[in-house]
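Both of the next two complexes hold subunit A, though its partner changes from subunit B to subunit C.
And then the complex of A and B:
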């Protein structure tokens, strides 16, 4: 499981995740993911285009990080999920608490909206 | 005299530069090689590989007896490798082969620490550990076994006769899992059934599952009409918010069947569809309502729906561990890969839930499933 960070404009940072967000994958990156999100001081975009699978533990990591950001008046938006991942996120209706966009520009648009 | 201490006993504060590391001798004399059953007849059972080779096969006097038709009488042998943390596995010209991490053994091969050996449907992991850890681990195993038996005792026995029949399989991916299910008659006419999947698996998830299951079994939700799925989901959500439960959430499919009207009211919270199937005609209806999982958002409202049930229709409820498998070829499955299996013919020698379990087991890579596997099949007989 890989995690890298990139700037996404003056008010947002992009966390780029790659691999399987299953239990071992979450164990591998959860601390860094949470630190990168909370420590950025900005809104957070999460790039899922190279994530092949998300388990319930992966969803849990996303929700708990989004909640921590919300407490600091910041937002999280996910974007570019692969079809299987999009299906999973749709089943759990995650977009009711964390927006999901098709690509980075759309994700930035949701932050500004 | 330590080289950082002066004659008067005071300590030199300077760091000593060492050009070569001190020699560290790790004594491995009291370490043991174990084969631990991770899937098969007795998960958790351990076999020690000592000085003599350990034989695996269908017949005595093999040390590890795997009584399956596809296992040869003397199937394979394991022995220690001098000065190594690995074992050597030798296939004894078995008919169907021995497999190490999914690869068939040709002659002999290494079995490293953590690698999986498969013989028939028995999958065993090689553990190399200090003997004192073995004792501690055995004690923990006994506690986990007791906990596992307690969880199993909360699950209802299948209904084999009457107007509503049930069949199920529940296989945790770890010693304890986060899946559970249940059913109960709410009155003379109405019958509730549900399947729960707590995020993750293991002890924490199992404890949360037990809490939820007991609340449902005892109908211990305040101001709740259990014949109304939207109320049950909303009250569960009030009671089990993530912040108050170690960050855990769960998904649930909850339905109430009325035998008088033959209508099924249902709601899902973060759960994929249940499937109402008429096998004779091949008709499959996906029963799904799109709602957030339980515990993610305070005050969430839950949509429900209703469907008519014909005589002998079957309701298939299952957790995502049933279809989120990785196949022998390394391909990630999804729901659409599993669904066609539902319409395959019944097999009279197995219950319907076990039939599906065996199908998935054949397709999946060796070793435990990545997530808990639960199927509940309910038949609404005439």
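And then the complex of A and C:
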């Protein structure tokens, strides 16, 4: 798993995740992901375009981080999931609690809306 | 296993020495030449990930003692995976589906693995006999 961080405007950071969000992938990345999200002091966009696989462990990581941000009055928005990943996110109705956008501009729009 | 079975793979996951990643790699190697769709391959990997993780975490007081047999075979329309383990009795078919949250405050991160398996499987059967759990999951090859 790879994780990089980029600025996404004055109020948000973008966490760019690449690889598989399965059990070993989450074990590898979760601490860095959570620290990057919580430590940014901003809203968080998560770029999923290079995530090829998500399991329940990956969903758990996203929910846990989003809850921590929510407690600090900050939001998380996911964007650009691959089609099969999107299907898995829809299976657990993740978009009911964490918005999912098609691309970064749309994700920023959801933050600002 | 029916007469129509075209090909099969037998593996054992040893909780002490080899884990789900080795199983996944072997299954990928086995399925590679068989022309499954991306959706079917994703579903196979998801079932392996979710069931093996669940069994290792909840089926044994000491995961290092786990011995899980994985039997995978191809029928014309399905990939079938049978898991056999000597862990604690567990029938996923009687587990109620999780209550999906409406808000982040309601969200509880666990319990989604079985939901995902049910979503991608074309059929699921479970038996327990001789002190072993036997779970069979079918995944459509045309998915």
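To be clear about the criterion, the second predicted complex is superposed on the first by the 113 of 113 C-alpha atoms of A that agree within 3 Å, B and C clash if a C-alpha of one lies under 4 Å from a C-alpha of the other, contacts with A are read in each partner's own complex, and residues count from 1 in each chain.
FYI, contacts are C-beta pairs under 8 Å (C-beta built on N, C-alpha and C of every residue); 3 or more make two chains touch, one makes a residue touch a chain.
Just so we're clear, the structure is a prediction, and the values are computed from it rather than from any experiment.
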item	value
When subunit B and subunit C are modelled together on subunit A, clash or fit	clash
First, second, both or neither for A:92, with subunit B first and subunit C second	both
Which superposed partner A:70 touches (first subunit B, second subunit C, both, neither)	second
First, second, both or neither for A:56, with subunit B first and subunit C second	both
Region of subunit B that runs into subunit C when the structures are aligned on their shared chain, from 21-29, 147-155 or 219-227	147-155
Common ground on subunit A, meaning residues reached by subunit C in one complex and by subunit B in the other	22-23, 53, 55-57, 59-60, 63-64, 84, 88, 91-93, 96-97
Parts of subunit C lying in touch with subunit A, wherever the complex brings them together	20-21, 38-39, 42, 45-46, 49-50, 53, 100-107, 109-110, 112-113, 115-116, 119
Subunit B contact footprint on subunit A (complex, rising order)	22-23, 52-53, 55-57, 59-60, 63-64, 84, 87-88, 90-94, 96-97
Of all residues in subunit B, those that touch subunit A in their complex	197-201, 242, 247-249, 251, 270-272, 290-293, 296-297, 300, 320, 324, 332, 334-335, 370-371
Contact footprint of subunit C on subunit A as seen in their complex	22-24, 53, 55-57, 59-60, 63-64, 66-67, 70, 84, 88, 91-93, 96-98
